[in-house]
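In what comes next, subunit A is part of two complexes: it sits with subunit B in the first one and with subunit C in the second one.
== the complex of A and B ==
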């Protein structure tokens, strides 16, 4: 155990950098996925057929083993950040798309009917009423995506992506050497801690961005 | 149409051969409806569910676009007005209120004024005014969320939201359909009070004929495809239903329903009862009863409010008028309907005590008066036809 702390102490700088890169990769991909996923959700939620197709497609993406998807992108996009971002964003879509559809479809039609009836513009109904009411559901989906991406992002190292995955991979590849286990362990623990902290921050974000009038539904 | 400062009048709505046909259906949902809704009046669309009454109403604010025909408000064709702008000038209240759950009561009420870009101060004042108008204490309800309110309170907020921008026209789609009967009765009374102050043009959709009779200046009884079976005052429809369908809808007890249209103040009260003050002597009252050969005297309290009935037999043993006889069970005010009065007459055994403002004694009403009134209404209806 002492040896592990010693290792972490020595590599503190580079571990911290990887941690930052890992978190930054996941968060940026999540933001991208929220923008795309909510967009898809808005586009399809009013039609049951469209909702089914969007859910099925995003589910299909999730069934592809991440290792394979990273590998498949290498011939097309090469190594590095780009394939990592695209792969992670695709994986993050399903929970966000599905929760956006559920959140929007579950709004009482009387509420949107009243909004139209008192003269609110279609876009106003979407931004001031529907998305506000679906927000707790969208945020719940986002939290699932973030947790998922934290783990998957480690595999991005396979395609030379950034983050803590590098530390895990190099550790596992050099198993038997003196610091191999420490490296893998440092990367793994780093990811778990990061995941918990970010999830906590998202819960706080939910507190501040959800109206008390709907909080119980979140 | 007159438009004075303190009695703002609603707008006239005219529907001319309005038809709504949905693609893929053989017959239109609404077939060639023509009617004029007079300014400042409450017109009730009543009919069985699925008859197209809500569709007809929603064409007025273009939530549903007519297939053909013309709808105008104060001679302006609604199809010439941008739908969102049109709707901001038409109040809209629906069943279960449809309040925005993530907004406070104040934000809900202020929605239309904020869409109309009123300045903050004017908007805040208006919200206070509307809370007061619908009888909700601002200190309690201003910052509450809809889910913290009862069904009746939500409906009040819904009505306040509909009225906030002071629209000349108010559309109400079964607004009291989802609340319990007692709350519903209270909300109806409130709406009548509001309307007597505001004089909006109200189009009110319901399937409850009793509600229509109570609230309407005019009732449009609608059949399939929103066909107007009869469009007249509640009195006229109750007395002379146009056909068997309307008669069926009016239902049994049309005469009893008619009694809800009349108030006690509309009939002549009897002033024959012998009244006494609690400080009068028992002996004086007994002598009076004997002189005029009456069995009962009515004891009023110091503020002229009726308190007890005393029989002459009870006077024989009584020492003071304060305790003699029995307290009055059921009495009615001049504001009460004749139906309530009849109820009280039956409960009190023939005649009921009537009070006026501040509970002061006004006279008595008896079953014969009620009967005579019903008879008179019948005769009048016979003459006018």
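== the complex of A and C ==
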């Protein structure tokens, strides 16, 4: 254990940089996925057929092994950041689209009906009522996405993607050397810690962005 | 609108997948194999991309996944049932927390660490162990959830007509929990097939080997065939899981 701490102490700078890149990659892809995913959810939620197709497609894509999807993108997009961003965003979309649809479809029609009745515009109903009521559900989907992306981003390092996965793969490549286990351990623990911290931050974000009435009900 | 629509959408999407997924699998496999074998392959590609290699790697992948599924079922279901018994209930959050943290860990990290910790010995179980650990959570959680969700009046009725505790468990609680357990198993299996693509990094083959070989040698047909077949296998396993959810389990609940 001492040796591990020594190792982390020596590489503190580069590990911290990888940690930052890992977190930043995951968060940027998540933000992108929230924008696209909520958009898709809004587009399809009112038609059962559209929701069924969107849900079926997203859950089918979710079953695809992430390593295989990375592999498929390499010939098209090359190595590095680009395939990582596209794959991660694609995976992050799935729980978000699903939860957006569920969140929007579960709103009591009496509420939206009342809003229309007092003369609210369709867009106003969507942004001021429906999305706010669906927000806890969307946020729950986002948390699932982030958790999942943390692990998938590690695999992206195989195709020269950024982040802590590089540390894991370098440990594997350095098998037999003294620091092999330390490297893999540092990468793995770093990702677990990052995942837990970001998840905690998202819970906090939920506290501050959920309107008080919705929070009291939930 | 509301919940009814959401459930209707859910059911429709299940039906779409029951029909759509096998078609997608057949199309993917056919398209990628025809594309690969119709194009001019050089010597290196021919060595890595022929029926014998593809079949044996696919088989390795399937065996890995089955071994993982077997371990998951034999560990997670009994453990889950145990954790719903009155005298062990207090330990459930503890085990779930461990399993949760295990899932927050990156699969590739767990796999590599396990491999390095064992001194880098190449062995079938070196990959199966961590993948099974990784795939344990969905079944464990759903077993606990399934048994807990059984209406206590059924259990009381069973006890009331003189059933022993184990009889109540095996004839009432477990059958009623089967749909939950199957849903968890479906998730676990898909996770297992996906994570098994990484088994090649610890020398255990599987379809991931084609991906890595194709990448290292810059022979993209090899890479694409490996990736597409892994994708098709995952979709197929998920589809079989969906069928099982439909057709296995107590008749009255379907």
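Things worth noting here:
By our rule, the second predicted complex is superposed on the first by the 215 of 218 C-alpha atoms of A that agree within 3 Å, B and C clash if a C-alpha of one lies under 4 Å from a C-alpha of the other, contacts with A are read in each partner's own complex, and residues count from 1 in each chain.
We take it that a residue touches a chain if its C-beta (ideal position, glycine included) is under 8 Å from a C-beta of that chain, and two chains touch if they have at least 3 such contacts.
In this text the structure is predicted, and so the values were computed from the model without any measurement.
Contacts of A:108 after superposition: both subunit B and subunit C are touched.
Shared-chain residue A:205: touches no atom of subunit B or subunit C. By the touch criterion defined above, A:133 reaches subunit B but does not reach subunit C.
Which of subunit B and subunit C touches more residues of subunit A is settled by the count: it is C.
In the superposition on chain A, A:168 contacts subunit C only, with no contact to subunit B. Once chain A of one complex is fitted onto chain A of the other, the partner contacts of A:176 are limited to subunit C, with no touch recorded for subunit B.
With both structures placed on the common chain, the touch criterion links A:119 to subunit B but leaves subunit C unconnected. Once both structures are placed on chain A, subunit A residues 108 are touched by subunit B and, in the other complex, by subunit C. Against subunit B, the residues of subunit A that register as touching in their complex are 108, 110-111, 113-121, 124, 129, 132-133, 211-214, 216. Residues of subunit A that touch subunit C in their complex: 46, 48-49, 51-53, 55-56, 59-60, 63-72, 74-75, 101-102, 105-109, 112, 147, 150-151, 153-155, 158-159, 165, 168-169, 171-172, 175-176, 180-181, 184-185, 187-188, 191-192, 195-196. Listed in rising order, the residues of subunit B touching subunit A in the complex are 61, 63, 83-92, 94-104, 111-112, 115, 145-147, 158, 161-162, 171. Residues of subunit C touching subunit A in their complex: 1-3, 5-6, 8-10, 12-17, 20-21, 24, 101, 103-110, 112-113, 115-117, 120, 190, 193-198, 201, 207-208, 211, 214-215, 220, 223-224, 226-228, 230-231, 234-235, 237-238.
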